[in-house]
Amino acid sequence: MRANYIGQSVQRLEDLPLVTGRGRFAGDVSFPNQVHMRVVRSGHAHGRIRSVDVTRARAAPGVVAAWTAADVAGLRRIALREGPDARLEPYLQPVLAGERVRYVGEPVAVVFAEDPYLAEDAADLVGVEVEELPAVLDAHEPPSEFAPGRSTEPLVLRKGFGDVEAAFRAAHAVVELDLSIGRHSGVPLETRGAIACYDAARDLIRMYGAAKVPHRTRDGIAHVLDRDPATVHLHEGHVGGGFGVRGEVYPEDVLVCLGALRLARPVKWIEDRYENLIATNHSRQQRHRVRAAVDAGGRLLAIDDAFFHDQGAYPRTHGARVVDLTAAMLLGPYHVPAYRIAGHYRLTNKTPAATYRAPGRYEGSFVRERLMDAIALRLGLDRVEVRRRNLIPKTALPYRRELDAIGDEVVLDSGDYGGLLDKALEGVGWQKLQKDLKRRRAAGETVGAGIAMYLEKSGLGPRDGAHVTVDHTGGVEVVTGSASLGQGVETVMAQICADALGVDYRRVRVIHGQTDRIPKGIGAHASRATVMTGSAVHVAATSVRRKAIEAAAALMRVPADTLDIIDGRVVRKDSPDAISMDLGEVARSQASAPDAPGLSAEGWFESDHMNYPYGVHVAVVKVDRETGGVNVERFLIAYDVGRAVNPMLVEGQLAGGFAQGLGGALLEEFEYDGRGQPLSVTFADYLLPTASETPLVDVILSEDAPSPLNPLGLKGAGEGGITAVGAAVAAAIDDAIGIPGAVTRLPVTPMRLKEILDRANTPPRPVETGRGSG
Amino acid sequence: MEFDNTLEVSLPPDEAWRVLLDIRRIAACIPGAELTEVVDERTYKGKVSVRIGPVAMSLVGRARLEEVDHANRRARVKAQGADPKGRGSTDSVIDFRLEPAGNGTRVLIHTDVKLAGSIAQYGRGSGMIQSVASQLIARFGEALKTQIAESSSRPATAANAVPPPAKPASGLALIARALWDSIVRVFRRQQRR
Amino acid sequence: MKIALTLNVNGRDHPVQVEARRTLADAIREECGLTGTHLGCEHGVCGACTILLDGEPVRSCLMFAVQAAGRRVRTVEGLAEGEKLHPLQRAFIEHHGLQCGYCTPGFLMLATGALERNPDIGDAELLEVLSANLCRCTGYKNIVTAVRAAAGEMRLRR
Amino acid sequence: MKPARFEYHAPKTVESAVALLAEVAPREGRVLAGGQSLVPAMALRLAMPGHLVDINGVAGLDRVRVEARELVIDACVRHAAFHRQVVGGPLGALLSHVVRHIAHYPIRIRGTFCGSLAHADPASEWCLVAATLGARMTARSVRGTRVLTAADFFQGPMATALAADELLAEARLPLLPADARFGFHEFSRRAGDFAVAMSLATFRIGNGVMTGVRLGIGGVEGSPRRIGAAEAMLEGQRPSSTVLRAAADQVARTVEPLDDARYAAGYRRDLARVLARRALESAAA
């Protein structure tokens, strides 16, 4: 089968409507006679609700209805996406808060009115009286009481293998770090939105504005409303970025559906930015107390980590998934004989947290790579060399770790970690770079470089399906359970289908995010779409190809094996110009075929193991010692994607991930005051990187380790751009200011860096810790 | 946000103490404050209007004189108030303590301003709010000083006479992040006309 | 209390009735039905709502519709001439200057305004101009490349 | 984040504008010029003016002209007007150097010079220029016209001496002597962000010594101001690095910085020292 699209940087099918203003984002969806919903949110971080008075709101101009928790008392709480977890059941979030408010931004009441301005006017008239309670704001202080008899630490997740105590006893040296990652999140440019309509004739609720996991969210909404999922259809239009935080079940999704049902009018809700920054999932905030035992050569003998995950007020649909991923992926590409990790999942009075691009891995990579730099410092080894000698050798793969990652046994499928390290060093010109930096430092500049290595995970199973149909014009429709968040899933699926079937990729129309077009689907997240849906499309398209050739062979009365399909035509292999048949003709001929009319096929792809792409990040920074300001001058990403369906799109994912990683390293943080009031509620305080702060990233894409787990050797690329940016930038800052191990907390704000520099000018306090202090 | 201020007055401690317990006088010292109703001997309703650049707010609520300790001349005023347009609310505590100072009195004021709602959430503005809050408290201290000094020359005003409404403390403005502590009425729903 | 006025958008007059508080962004999207202009923050930082007002890029969320009466408004829907795309639109496609596309209309209008005012804009000044808008997907690399490529082509066509 | 309701007025003359302002001021009436600071506050429903007097339609408020050795900047002159030098000599160069630091290009198209002064955000570059160069502000109302000096005009964060019914009709900046030098430096987290700290220095150099020294600090305190104690240490001195450093240290001792979680007072004090020195060094270069 000749591949002529896979591997090509073809232009995207998605772009034309988006560059001409003909996109259909949630905000662009409207229905006649619709009402607008506005949510009234708690202004207190923690308290007992004494009263919620909607009388004045109900009387306000243009108001159709106003509800408090009492009006939705019958609703279930928002459940976990992957199924119930007894440990978290008592902590799930209600759609509207009735007795307690637990974070600023928590929905307490909702107003429906003729237009968004009137809805907001009315919402301001809702009186919420709260008797304030002390706010819990620190996830690593001892847990307190969530409710009578319920601790704010629902669970501690433990993983590990090998004899950790023995390793520390035998250690030549032990390094110990206390590291923190700041609270930040995906913050897509389009805020959330949901528009629901109720079709009374068919007792069917339709919700527009779905994203990421439409089928799972349909089930989640149906669960809360106690309806059969078949009576709830979700539709995905254009989505203005997801990054993990959008598409999950939120209180507002349930409220628009219930509104449409009860008010018998379409209900439109568009989140504003103030709400987005206090109500859409936060992420990342963790504190790690970690130590590593190493031998005299700097080889890792054991890693022992206890970390405190600031989950915020309630578990969201992900439950403790981020804690699981942090623990499962922390070891990265290094061979570690003994490992023990305890993830304390703690609730605080902040906006609930969940997954954000490379969840658990951005946090874990900062911890791991800071450890590697600390080991290099302690043993006087070169930072690159200490990584190289701990890498899992190419020959050892597939490499099994006695751990599971969100229920999946961790088996590193394929990889040449050392080889990619060499490519990265060669690509960035590491030796010349060190000389340049030394020269510039001598000239008085504060410049430095940092390096970090990481594993990613992709192709999250268990299965995906696709349905490929050739229509009478020879056009091809591919129906998938996937989702588009802007990553180019339509183009990638079209390339895969076009190659398998033998048509022009521009003739392929890819359907995603429509729960009424395909019963099952797991959407697009965790870098799974290309691997799982792509493989399913390949399987389906391959069987359509076989069917087409068999049908054409019968019609053309020639043996099937003499035929091929090129550019949408069934041709004879030996003489492509001779008689041939257009696929549309073949499809028409099958229109009345007895058993399966039409030319189409379903394809399923199962996988019980994720696969593991991997990468290297190199950062070069310049520090202004007097202000603490940091400027990232250069950044390089070397990444092995197994096989790139569209290199241009893979590089786009890596460049976008990098920019978000840069934000988390230097600029972005959700801060709270002592009373739990959020301090980052506008874009003047929550700082996204602009073009001026984001250097043009260099990308080295390698395909040295195709995955053996799927027919095309694919691995995911959606998250690998962000994973180790925090770690690499921190290392580069240490190098620039000449204080190894200085950065222990992200983001590195100017004030924090200035404090580090000022402290360094005062006499250094001893950092050494005794050997083997367990 | 916590502030400590001290001021010296010429009045001897017991006389100064009597002024301090007269909420009407205290209210008159607060820039932009207006006492609207006397609920009982220790509880007063009022509102404070403040302008912060383009932001003009009035916090309507109540103040209660609690923990009045005549022996040690200490008093605590608990003030709660909210903006009728839903932009936020404040819970503030002001602790007074009088000490003799020569033949006059030293008044020690400790103020703790707690804020909630959107007025408390603008990171960039919090520095400004702190600066204005301390300026307002300083102005309150000055006004209190003159009140106490003047009172020695005339008897306490009639029980529930209400001082004229003051113009908003527009002179001092700050971006929203809630400012000032004040002696106001506790928030009640029907306040929100 | 609604005010009657006419908005001239992409050369076409739209008689509308709006409250004074209705932002220009909302009027373009709702009253004029041109949903290509997007709202990303409604407080003037992200630039997704950027349109051209008498040829200059402005945040349409920071203006009230009543203020745009009698002015020439251009939005992304007015860039192409029928099926013939504007050089910037083509460049964004060719250089993968967009992923989710939510910020794209804002960047297209910002770049159109900047290039029409100064077709020979230097790299440093172009980067400063493009820093006015936020993008969360691309990391800006391909946006800068696309705008530079279009600037070259627009210069040739002048 | 939709603004609350207000009544809109679009006067055509200055007289009708101030008359309207007098009428609506007691009912929370405010002037709308560029709107780049007011409208975000309205979208967030922090500011809920009852009336807006839109002066964009008033004829003759968009002129920049030199009058009696002063650059007169009308109420509706946009930041973008300063992208090119509006007047010859150092003042024109200073203004077009500073304007680059103000927000972003689309904001500078609509935002106005006088609007920045009236809004008086501690991080406003134009307020620092006005305070440092000793601008004079013309306030007009139905009660007449009065001129305020910068020292009287700025009264704290977002606080000016303007009464509620006064329109800031124009700002007057003294022309700088032809041989005047200037240095301006700002520290902000991202390109175009609010300044965390900034400094403007101007002086002349006559036979090797600095004269007419003006040194302003902005973003650090509630309002921008000149630091007289530091200016005194520079006046008549040679611009040597030790002299400039000593003056910068004096600035750090003199300022009373704002304080918050993200930028503590001590940090702002350090920034004031650094930026004052850098501004002086640029001016002396």
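Per-chain numbering from 1; labels A, B, C and D assigned in written order.
By our rule, a residue touches a chain if its C-beta (ideal position, glycine included) is under 8 Å from a C-beta of that chain, and two chains touch if they have at least 3 such contacts.
This structure is a prediction, so every number in the text was calculated from the model and none was measured.
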Chain at the geometric heart of the assembly (C-alpha centres): A
Chain pair showing more contacts of the two, A-C and C-D: A-C
CA centroid of chain B to CA centroid of chain C, Å: 50
Whole-Å gap between the CA centroids of chain C and chain D: 29
Gap in Å, rounded to a whole number, between the CA centres of chain D and chain A: 44
Touching two or more other chains - residue numbers and ranges from chain B: 85-86, 118, 122-124, 126
Residues within chain A bordering two or more other chains: 117, 124, 272-274, 671, 673, 679, 682, 684-685, 690, 692
Shared interface positions of chain C, touching two or more other chains: 19, 21, 42-43, 128, 131-132
Contact pairs between chains, per stated definition: A-B, A-C, A-D, B-D, C-D
Parts of chain B lying in touch with chain A, wherever the complex brings them together: 85-86, 88-89, 91, 114-118, 120-124, 126, 187, 189, 192
Sites on chain A touched by chain D in the complex: 116-117, 120-121, 124, 272-274, 626-629, 667, 671, 673, 679, 682, 684-685, 687, 689-690, 692-693, 749-751, 754-755
Of all residues in chain D, those that touch chain A in their complex: 1-5, 40, 44-45, 187, 189-194, 196, 261-264, 267, 270-271, 274
Parts of chain B lying in touch with chain D, wherever the complex brings them together: 52-56, 85-87, 118-119, 122-124, 126-128, 130-132, 135, 170-176
Of chain C, residues touching chain A in the complex: 19, 21-22, 29, 34-43, 45-46, 48, 75-77, 79-80, 85, 89, 92-94, 96, 98-105, 108, 127-128, 130-144
